[in-house]
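Common to both upcoming complexes is chain A, partnered first by chain B, then by chain C.
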Partner chain A sequence: MNTSTNLQGLPGVFEEEVSPEGKLRVSFGPQHPGSGHMRIILTINGDIVEDAIPDVGYVHRGVEKMCEYKTYIQNIPHIERPAIHDSAGTTLPYILATEKLLDLSEKVPERAQYIRMLLAEMNRMINHFYFLGILGIFMGHSTVTTWGMGDRELLIETAAMMTGARVTFSFIVPGGVRTDTPHGFEERLLKSCDYLESRVKTYKDYLLENPFARMRMENVGIIKKEDAIAFGLAGPTLRGSGVKSDVRKDEPYLLYDTVEFDVPSYPEGDAMARTKVHIEEIQQSIAIIRQVVGKMKPGPVKIPLRGQIRGKIGDAYARVEGARGMNSYYIISDGQVYPYRVRVNTADSRNLAIMRRVLQGVRVADVPVVHWSLDYWPVAADR
Partner chain B sequence: MKDEDLLRILKDSLSAYSPVKVDKNRIKISLQAETLHDVAEKIFSIGFNYLHTICATDYPDKQEFELNYIVGSMDDDKRNNIIMLVTRIPKSNPSLRTVSDVWKAAKLEEREEFEMLGVNFLGNDELQKLYLPEDWNEIPPLLKEYKLKRWVDEERNRHGLVIEKVEHEH
Partner chain C sequence: MKITEFVKGFMISVNTGIQHLFRKRMTTMYPETQNYPTLDMYAYDPRKGIAVSGWRGRHYLDMTKCTGCQLCYIACENISEAIEMVPLPETNYPQNKKKIFPAVDYGRCVFCGFCVDACPFYALYMTPVAELSEYDRNDLYYSPYELSKPPAVNPTPRAKEKIDIKRGVYDER
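On to the complex of A and B.
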């Protein structure tokens, strides 16, 4: 078995090939409706995948380079584009790092921090419902697909009520958030949470108790705990391998140390464990939202910043627990209005490191399930 | 673990270097490129087993690359701590030893920095293109001398449409 992380040996454009030993080489993607603008070059022997080389970069847009050409504020909208399912979790570390460079970290108003938490947790649920929906597509389970998309829509509309945008909010800015929550927002959010909590049980019945779904996901795509750490995996993929790590607990940011929640984790390391983590994280997000709404008091939501903001000379590193895992930004500032260097480190790009290894030896029909359960979203990984 | 406790451990095991606390939970160790691999192994042995990222930065005026290795830990008591190893290498010979034998995650990170800045990580057998198009034949794009809007500017100049650059001032 080739245990390398190497993605190379790419043959470029090719048609299906059969080697003299009878092994078939075939492209999975990039036009595949589920793979999301990346392809996996599969070498198949009978029904078993012998090698799977991920070919990435179809949606690389040079976010790090673009950051050097735009001001700290102008960077916000294009930074969140690659991760539309988790735009709050992607922008937040950038904002936190920027605030460190502006010496604002201690000054952000409490209400703004709570609103950021609400948006981040809503985004986590939006991402997880999307995850369950696409998982349904990949398993041929069309009921869960439509449910996932439908329940996600409820949260998207709630988020749009607060931010004015459906998926890319650009709502979190240095110094706070753009505006306060609109009238009646909290009630609607709590009502949505009550409804979604009742839905989670249905998802459990249809995915976790369903014998066919269990056959598709149990003991498939196993990642060992030590591999998950060594390859730097993140998020539900890491926690599905038995590592109980969550940045919200490990290094609390915003006001996550004032709310109580659990970090779900399962030692099995298979696709089922990762799916369970997703479903239970929805429940935890609902719990966090209820506590936050109870704690929120009226007050300012933003420190007004005047003129072009300039970071102090130096660097800052901030990380948060995004929906698909730890996202972090390392920003170097030379005192100008543009950052000197921005290093974007997304959970997706790290989860890519293990893909070749974990796909080797699975059956062809399991490739989509394993691939999707890794929480790898090509657009956020390519940046 | 509190920063002070970690600093004490680091000063015991890495007495030749000077770890500095730069921010809450952030400790920076500046070192020579030759010693980077040894220090990487040492901090791995005290529990820093989870590489976050490697960031290379181009400094054209000094003709140097700065490399930041940002490392965290999955040990229960060090989850909040982050160590940043910082080193500089000359652009005339931009190569240093890989750390992918210490952290497996480094292979992909090094490959990206190789592709984007041209830093050569000796011992990493996967230094090939990753995100850039297969027919990319220009200089590594994250070098400062690669100008993002050069193509646009050339095209505008060709049509006599020179647009003054807007300077941002207070």
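On to the complex of A and C.
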């Protein structure tokens, strides 16, 4: 057995050991519920983490390579699977890039774009409630876990009413969306939004005011503004460090320039600030949904595409603000029915970069809180 | 954290918790009530080019319309390879000269519904039946005859979900 593992590289065979100085090297995961489908190799001195090496790649499934032998439509079901709680935010940049290759970007009907925005914002809320739920269980706060999962259920069923699936919608396709909104959908969506807005206040009172939750999250896992920019972080993690950056504002796609919303950001940069950003974003998503439902007019929702889709020779790039940050796709087409190359870049792999820096100096019990508040999801990062 | 801040925050969160004692239970009793958000079939209109909303569950095959063109099989080919074209020589449908029909393996199907979108003859639908659990893996293979049976209507009542800001989301029965 090779026990002389090098901390700089990733050890293939790993054994827990105590160094002569009394530091313990221990594996956190990959089966631990606080680490997800990855492991963190911690070097612990007493209760303080001195070094933390994220060891990733357990759930790599070769999505980029799989895209090369499937047609543009056949790619949709497997592209959305790595990020199950943000399937619309993951599929959308792929579809936008594909439409650029098909010269369809200008022709997509207005109603289809509004429905895409509705689904994207619903998925953002689904992700953020999921975030709160898992954050609760990582802190040992199981009430928030059940509340987060329960409130998420309401939106999932509303989305299932339109798309026909609970999590993996496969709903956004090149040329528009697959179906029009069913009877009673808007009514139910607005009702859910009213209810969830009252829940946002509950979460603020119960989680952000709670002194025990504050002790667990305040001044834990601090990311400075300069570090956040230098490491190229994305999404709520970036905004939790005081950077007001949002693709919906910086480079509006769909019809995001016609709706008004704020980009919440907090300068503290700790786990609490990131949680606050998530809760504020739920409120902003509700505001966007209300505006979009008011603006929607009856009309076509899809340009029917006959036969096999072939992209023109060239390349296309599209990026959107997914629930966990900027997701971008770069597609090269050589005129065949299959894309020549698909490059997937998710926010999760960006947020992983800073994990080693952030985990140095925290206590062992805070590792799950910091890990989850970074908005890093191993499946979407490994792809 | 100051002690006054601690006590104030503690009181606010305990107060919020106590309010939830008077709310209704969030969960629905699953086997006694069915809680599908929609009970419509997912269908596709090839003339208009768009689909009709519905729950994407078990397929329904209209054997009097299926021509055996294999487009559903081709659509599924690289997604999950769940659809297989099965020869049924004993059938005698005038539109299906090749006498082949699709069979679906639900151990593989991902319920994306692109096979329904591929059918140009209004022959394939998806029904709101998702309870497909079996003891044997081979029982998940549905032959064309099994697919062409209309789905049995679930006799259990549907959950009447009520969304109330004061009392929560609950099943009104």
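Just a few scattered comments:
The rule is simple: the second predicted complex is superposed on the first by the 371 of 383 C-alpha atoms of A that agree within 3 Å, B and C clash if a C-alpha of one lies under 4 Å from a C-alpha of the other, contacts with A are read in each partner's own complex, and residues count from 1 in each chain.
What we mean here is this: a residue touches a chain if its C-beta (ideal position, glycine included) is under 8 Å from a C-beta of that chain, and two chains touch if they have at least 3 such contacts.
Values in this document were obtained by computation on a predicted structure and should not be read as measured data.
When both complexes are superposed on chain A, chain B and chain C end up sitting side by side without clashing. Touch criterion met: A:N345 reaches chain B, while chain C stays clear of it.
By the touch criterion defined above, A:D250 reaches chain B but does not reach chain C. Of the two partner chains, chain B is the only one touched by A:A316; chain C is not.
Taking the Cα centre of chain A as vertex, the centres of chain B and chain C in the superposed model span 110°, given to the nearest 10.
Contacts of A:S192 after superposition: chain C is touched, whereas chain B is not reached. In the superposed pair of complexes, A:T71 makes contact with chain B and with chain C alike.
Once chain A of one complex is fitted onto chain A of the other, the partner contacts of A:D382 are limited to chain B, with no touch recorded for chain C.
Contact with chain B, but none with chain C, is seen for A:G62 once the two complexes are overlaid on the shared chain. The gap separating chain B from chain C in the superposed three-chain model is 9 Å, by closest C-alpha atoms. Shared interface residues of chain A, touching chain B in one complex and chain C in the other, are 69, 71. By the touch criterion given at the top, residues 1, 5-6, 8-10, 12-13, 15-17, 26-27, 35, 37-38, 40, 42, 48-56, 75, 77-80, 110-114, 117, 126, 161, 163-165, 169 of chain C touch chain A in their complex.
If you check the complex, the residues on chain A that touch chain C are 69-71, 73-74, 76-78, 143, 146, 150, 153-154, 157-158, 160-165, 168, 170, 176, 178-182, 185, 188, 191-192, 194-195, 198, 202, 205-207, 209-211, 214-215, 300-305.
Put simply, chain A touches chain B in their complex at residues 4-8, 10, 12, 56-57, 60, 62, 64-66, 68-69, 71, 100, 227, 229-232, 243, 245, 249-251, 307-308, 315-317, 319, 326, 328, 330, 332, 337, 340-341, 343, 345, 349-350, 352-353, 382-383. Interface of chain B with chain A (complex): residues 23, 25-26, 49-53, 55, 57-58, 68, 70, 74, 79-80, 82, 84, 103-105, 107-108, 116, 125-126, 128-134, 141-142, 146, 148-149, 168-170.
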